[in-house]
């Protein structure tokens, strides 16, 4: 009996990219609200999702410094499991309900990439960095204080794909300002068989069902984002018309489930 | 209409990890034959494959410096598509027929990882290096000549997982010495839905169907391989009882198909 | 007039690896006390430093997640300036005075490597990771609480060179427990000229003079360290006979000076 | 007695970044001739070098896939010693004599960085890639034939700093077309001591003295280069006005000496 959740499957299940769920996460993150051309957002939506006209092209760009663990203290092997992530969420509607859809996401770790693909996050590899907060502050480590700035950047395929800055204004005291739309993804796995390349093995709308979400040390202020034009990349079609609020916070949550909304194959 | 073969799917299909097949490859490689404990090999085989008793634990360890292209000159963007690979093939039987099965494989590039998963290669990320041959030889660049040595190494999760050396003896004049068993893989994609985690989305025995295989500059000699014990890794269970012949050569081939032998789900 | 502190020197001084001092730093770190064979420590000391017999082989192993800045907001370009570090300090005497000497140090960033070489830190590149603390804790993010564990690891040249764990017991209330010996380094720059390869361009004992040191969130507990035997590496000659206390804290400081104690060239 | 050429110095001299010379090299490379604004070239020259008016801003951009060895088979540890490099040479005059000066150079390996600094090459880290030639050619591996294209790219600090392409036309039969000007560098090492930061420890014009240079498989054709504008980088001030011939070849040589032309400190 071979064991493992993702590849590879082996007798003891230790070599697998990921242990079976539940999966535990904690992070520091930057969240930058921005507005893209509404038609650029609409063009990215899979079947089953509709443009959210009222949102008028609203998106979020997020930089995460993640720590992951399964049930076997994987957080004590950070060389294998710690990672950094950048992704974009665009506002959309699923059966009239406001949701977010993730068209682009990049991580610097294979275990994270594998978990993402299992959830419909279309992950590629990238180099992601964000300014860190350390309890001992100074000119190199911004305090959690009005005017402090935190920057993030993404490089993929050797090109600078995204840059953002959050300038803090005040702590968030009203937790409703941190509420997010549910994330609906396109779970997709192609077929290589010559006669089935137009019949993907998986092609479903899925909804993420995170739980035990905790947010701490949340500050809000102004966001700023650029998505430079890069050869062979379409992400700059979402280049911000304008940026909105920026958030910097810490969070933790648990993933152990996924809900299929609709199988998109005929 | 969203386009792309692997994630992500986008309006123009440029951001995708990989263009649709055909996929073109060329490489320099090291191939080291070795014998593991037969029961360690048997323990790795998926349902549908049987131990090849006559092979007595025979395996191959391979280091590849790859160049990839689709139909749009992807070889001119080596930062995105060039990659290095280490993998192991173990001898097995499929319905009495001699085949190879790949239990472990590591690459340093996400496009390669995605293509691999589509073919049943259980790829993880690793740092892979091999000694290079340059037409201008010297003390840093071994000639293709008797006694020349070429080394390879793999690091994954920050641990040195494999090391090998090939010492050349003579050019291969009989091409039959380069023939390989067909590669049969376990194509696997798990389900995250809480009530279906024991029902993978994909779980099939598949056979690779490479074509237009060319091999050049092939030399044969002695191989040597070590698979050190690493925390959280099972690959050292295949640690060589003894090593056999080593090969160093260049090769090219095309991939555009995959044959499903058997759906392993009930 | 060319400008820049380190290489390269250019008309505007922007391409340089580092701006001129002052250099600002903040970090989270792990500090693990251990005892090596006293003769292994003594064998590493440069001329001018004497073994500290009373220390009996005492050393410290340190994992740092650093953020750096000069006077131009370099902390907002973390892809260029943020870095991770592992180093060892061994107890020694300089003219009877207790000091620390750094025989081994690894970073993952070139600006940090260049600054280090200017201070006599013998930096090489490595991949360094440590478990992170996030304000939102959970199974993936340990709290600052008794029993919490933080791990660190170093990989260099593809080999796992060091691993450590700190298990927290209590906050440090007495700041004297955080006091450190001054760090004395060997500032060294070789000469390549064929007739001067035995006459280094620089070969000096130097003392680091950090200032504005701040430490926050310091917890103390038990340390544990391993230095595995690696091919082509001598660091394992310091393999711990036993480990002592472990510390996890945040810190910030400023570097803008270096004191030459002694020119070691004849 | 501590041993080692570069940092760190240790009892057995194994941990050092580099063994003592001689240093052996072999490589595949791309060499792209281009013309920058002459005043941009002049602005980069250190004291002691004069603009070469007749060259009219002529430069070369070079992508190298290197293999290095010392006298102890270092080429068998490619994870530690193999590397990739991009650099620019600008035409200049030293005492009326035509020479090349290297203002910018990037490598992906610390041993290479350390050797470079010993020779006056102002190396930073970067990710460098070039299209490879494999003896087995195909759509992914261009042949050495008219019309074949080889591309190179450099990323540093997460930004795409340079891109080039060489299109082959014909083999080089006249070796004089491969002759190069001697390379004169600025050997520089700053002082961190607060009162000596304007008095570098090293500030010399030096001439490289490579020997046993071999070139094989040289093809010539057309070159093409771009140096995009990047934040915090001055290299784009050399952006090509036009590109000239391109070369692709293999080479090997030995380094064991350096000639000081002039100490530039008062």
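Note that the chains are named A, B, C and D in the order they appear, and that numbering of residues resets to 1 at the start of each chain.
We take it that a residue touches a chain if its C-beta (ideal position, glycine included) is under 8 Å from a C-beta of that chain, and two chains touch if they have at least 3 such contacts.
Nothing here was measured: the structure is a model prediction, and the numbers come from that model.
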Most widely separated chain from chain C, with each centre as the mean of CA atoms:
B
Same vs different contact residues, chain B with chain C, by half of numbers used:
same
Only C-alpha atoms count here: how many degrees separate chain A from chain D in terms of the superposing rotation, rounded to the nearest 5?
180
Dist(centroid_CA(chain B), centroid_CA(chain C)) in Å evaluates to 39
Cα centre of chain C to Cα centre of chain D, whole Å, reads 30
If you look at chain A, which of its residues touch at least two other chains?
77, 79, 127, 129, 153, 155, 158
Considering only the defined contacts, which chain A positions touch chain D in the complex?
127, 129, 153, 155, 158-160, 230
Within their complex, state which residues of chain A touch chain C.
24-28, 65, 67-69, 71, 73-79, 82, 127, 129-132, 134-142, 149, 151-153, 155, 165, 212, 214-217, 249-254
For a test of understanding, state which residues of chain B touch chain A in their complex under the given definition.
2, 5-12, 14-15, 17, 20-21, 43-44, 46, 77, 79-80, 103-105, 109-110, 113, 117-119, 122-125, 157-158, 186, 188-194, 197, 201-202, 231-235, 237, 255-260
